[in-house]
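Here's a structure for you.
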Amino acid sequence: MTYRIISIIGGSDSNHDVLELAEQTGAEIAKRGVTLACGGLGGVMEAACRGAKKFNGLTIGILPTEMKEHANEFVDIVIPTGLGYARNFLVAKAGDAVIALDGSAGTLSEIAIAWFSDRPIVALTKSGGWAQKLAGTQIDGRRNDVVHSAETPREAVQMVFDALNWK
Amino acid sequence: MTYRIISIIGGSDSNHDVLELAEQTGAEIAKRGVTLACGGLGGVMEAACRGAKKFNGLTIGILPTEMKEHANEFVDIVIPTGLGYARNFLVAKAGDAVIALDGSAGTLSEIAIAWFSDRPIVALTKSGGWAQKLAGTQIDGRRNDVVHSAETPREAVQMVFDALNWK
Amino acid sequence: MTYRIISIIGGSDSNHDVLELAEQTGAEIAKRGVTLACGGLGGVMEAACRGAKKFNGLTIGILPTEMKEHANEFVDIVIPTGLGYARNFLVAKAGDAVIALDGSAGTLSEIAIAWFSDRPIVALTKSGGWAQKLAGTQIDGRRNDVVHSAETPREAVQMVFDALNWK
Amino acid sequence: MTYRIISIIGGSDSNHDVLELAEQTGAEIAKRGVTLACGGLGGVMEAACRGAKKFNGLTIGILPTEMKEHANEFVDIVIPTGLGYARNFLVAKAGDAVIALDGSAGTLSEIAIAWFSDRPIVALTKSGGWAQKLAGTQIDGRRNDVVHSAETPREAVQMVFDALNWK
């Protein structure tokens, strides 16, 4: 059995409250025994990895650059793609599901990619950005028919478990 | 001087009215001496290329597959990427600007990519889909500060000329 | 019918003699009515494009960066991939066949990609580098069973026509 | 500290002896506490992962397709790129170094990419294919100046440790 992976997507310059939510989300993912994937840089990505490491989780950082040194210090496994922001495709697909916090256009692209890749998407509605704007949006003609809205990190992770029938 | 390029993005299964708009948009692009780039497949992409070829325009099709044969018959230059839908990055970036018609999640990803790549984006508002939903949206912290809304293909192309200071 | 395309691959820092060969190869491609694709930068790429433009050929530059400004001045159509050297895949696949001059590891990767993409490969043997080292190499289990060796640009282009049954 | 990673590259249809070597190489990597990355499919990739799992190693499979199900059963972390064989770039770059066994054009492309990405390359010379053909080749103008030749899996892994100053 391959490892269960949840991708966290979100802004690199979010405010303190969002980073707090991101850290809690990373922690919840680790507590449930799931591996965390993200874009490997700062902001939401770093906070989520920090949270996961507090609970001994495994973290993957899929970088836009070729330099492993660009990963935040809480990334265990660095994939230095050198693909620029085309690496957003890999972040969205690496997860069995995606949890979105805040975010601007880069995050929007990842939500869109998760969408047409049939990955369940959960948005932390309090976090703002595109995560909030798209929460509850109907997804046209896809197996997963809506961007799920979660109030808390714990609820977000539970929604992923429910959507994927994970025990 | 490199050729001026406008990318047309949109659905592969749009209805007749949208395809009519796409064909007119391709025609307008060609009449203004601009090269057309697109994803090279059917629907909006094919209609736009057909329109461009009626006015002797040059057309580029950036395919998800490795097979040049998958391009629609109105594509002059086929770039068979083999990258799957990561080719959406290339479509959005190939244009100096992007015109969006209709579209679901794939088109949404291209709009998002054009956005963080600082490409002016014009949405044909009557076409529906994500083009319509995002028309007029503020773009956070970017040089191009809004998804422009156009009523007609001619107006859409003119908006690109204005945004890029093309004569 | 889509345009016929030949990709020229080779070093960005080749010597004068190699650049002379590259320019002649670009010229031959244009004289035969074929579009030239390359990596869009300097050295062999620029020389080949210069040669093609002398005979009014059409040139495509598939850049590693996102900046159209990085293309050499003889490129008509710029594809600014932002994919770094993963763009080598696109260069090798854009051509219906590949002509190699000189080159180090980047060129070697393009030859390898052309190889497993079933593109005929012609090496200008006098140009040195990997083009020379691999000239005549047997290709294991592929439709195209050898890296063809050409003495002159004219012969190289003719070999492509022969391999592809172009008239 | 991010995890140490060695990428194993090689053919998907190698013979029994090569697969035996690949399994031993995966085992050596795991015994030394290093994570194994590979292309995630069969042949050398599967054998190497099997070897690593026997010693409780961690394995990463970077797939050409979008389907996690395509990974061999010994892969822990699946990165389903959907990029086709452009994923070879990611495989070569994911490792801090690369060990090559056997292999045809796909493996050749990975060696070339590792080369211009300044990753030390070790070839198991007895394995045949491009690994053998390039063993000992001078690498022009690069920090790592040669494709190292190893007789045994243990020696190959030790050469990586030496090249990277790992303890």
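Some notes on this structure:
As written, the chain order gives the labels A, B, C and D, with residue 1 at the start of each chain.
As a working rule, a residue touches a chain if its C-beta (ideal position, glycine included) is under 8 Å from a C-beta of that chain, and two chains touch if they have at least 3 such contacts.
Because the structure is predicted, anything quoted here is derived from the model rather than measured.
Sharing over half of its contact pairs with A-B by residue number, the repeated interface among C-D, B-C or A-C is C-D. Remark: among chain pairs A-D and B-D, A-D carries the greater number of C-beta contacts.
Centroid distances from chain C, each centroid being the mean of CA atoms, peak for A. Chain C and chain D touch with mostly matching residues; of the residue numbers seen at this interface, over half occur in both copies. Here the CA centre of chain A is 28 Å from the CA centre of chain D. A straight line joining the Cα centres of chain B and chain D is 40 Å long.
Each of the following residues of chain D touches two or more other chains: 66, 82-86, 89. Across the complex, chain A is touched by residues 2-3, 5, 35, 60, 62, 66, 68, 71, 75-83, 89-90, 93-94, 96, 117 of chain D. Of all the residues in chain D, the ones that touch chain C in their complex are 84-86, 89, 104-106, 108-109, 112-113, 115-116, 139-142. The residues of chain D lying in touch with chain B in their complex are 66, 82-86.
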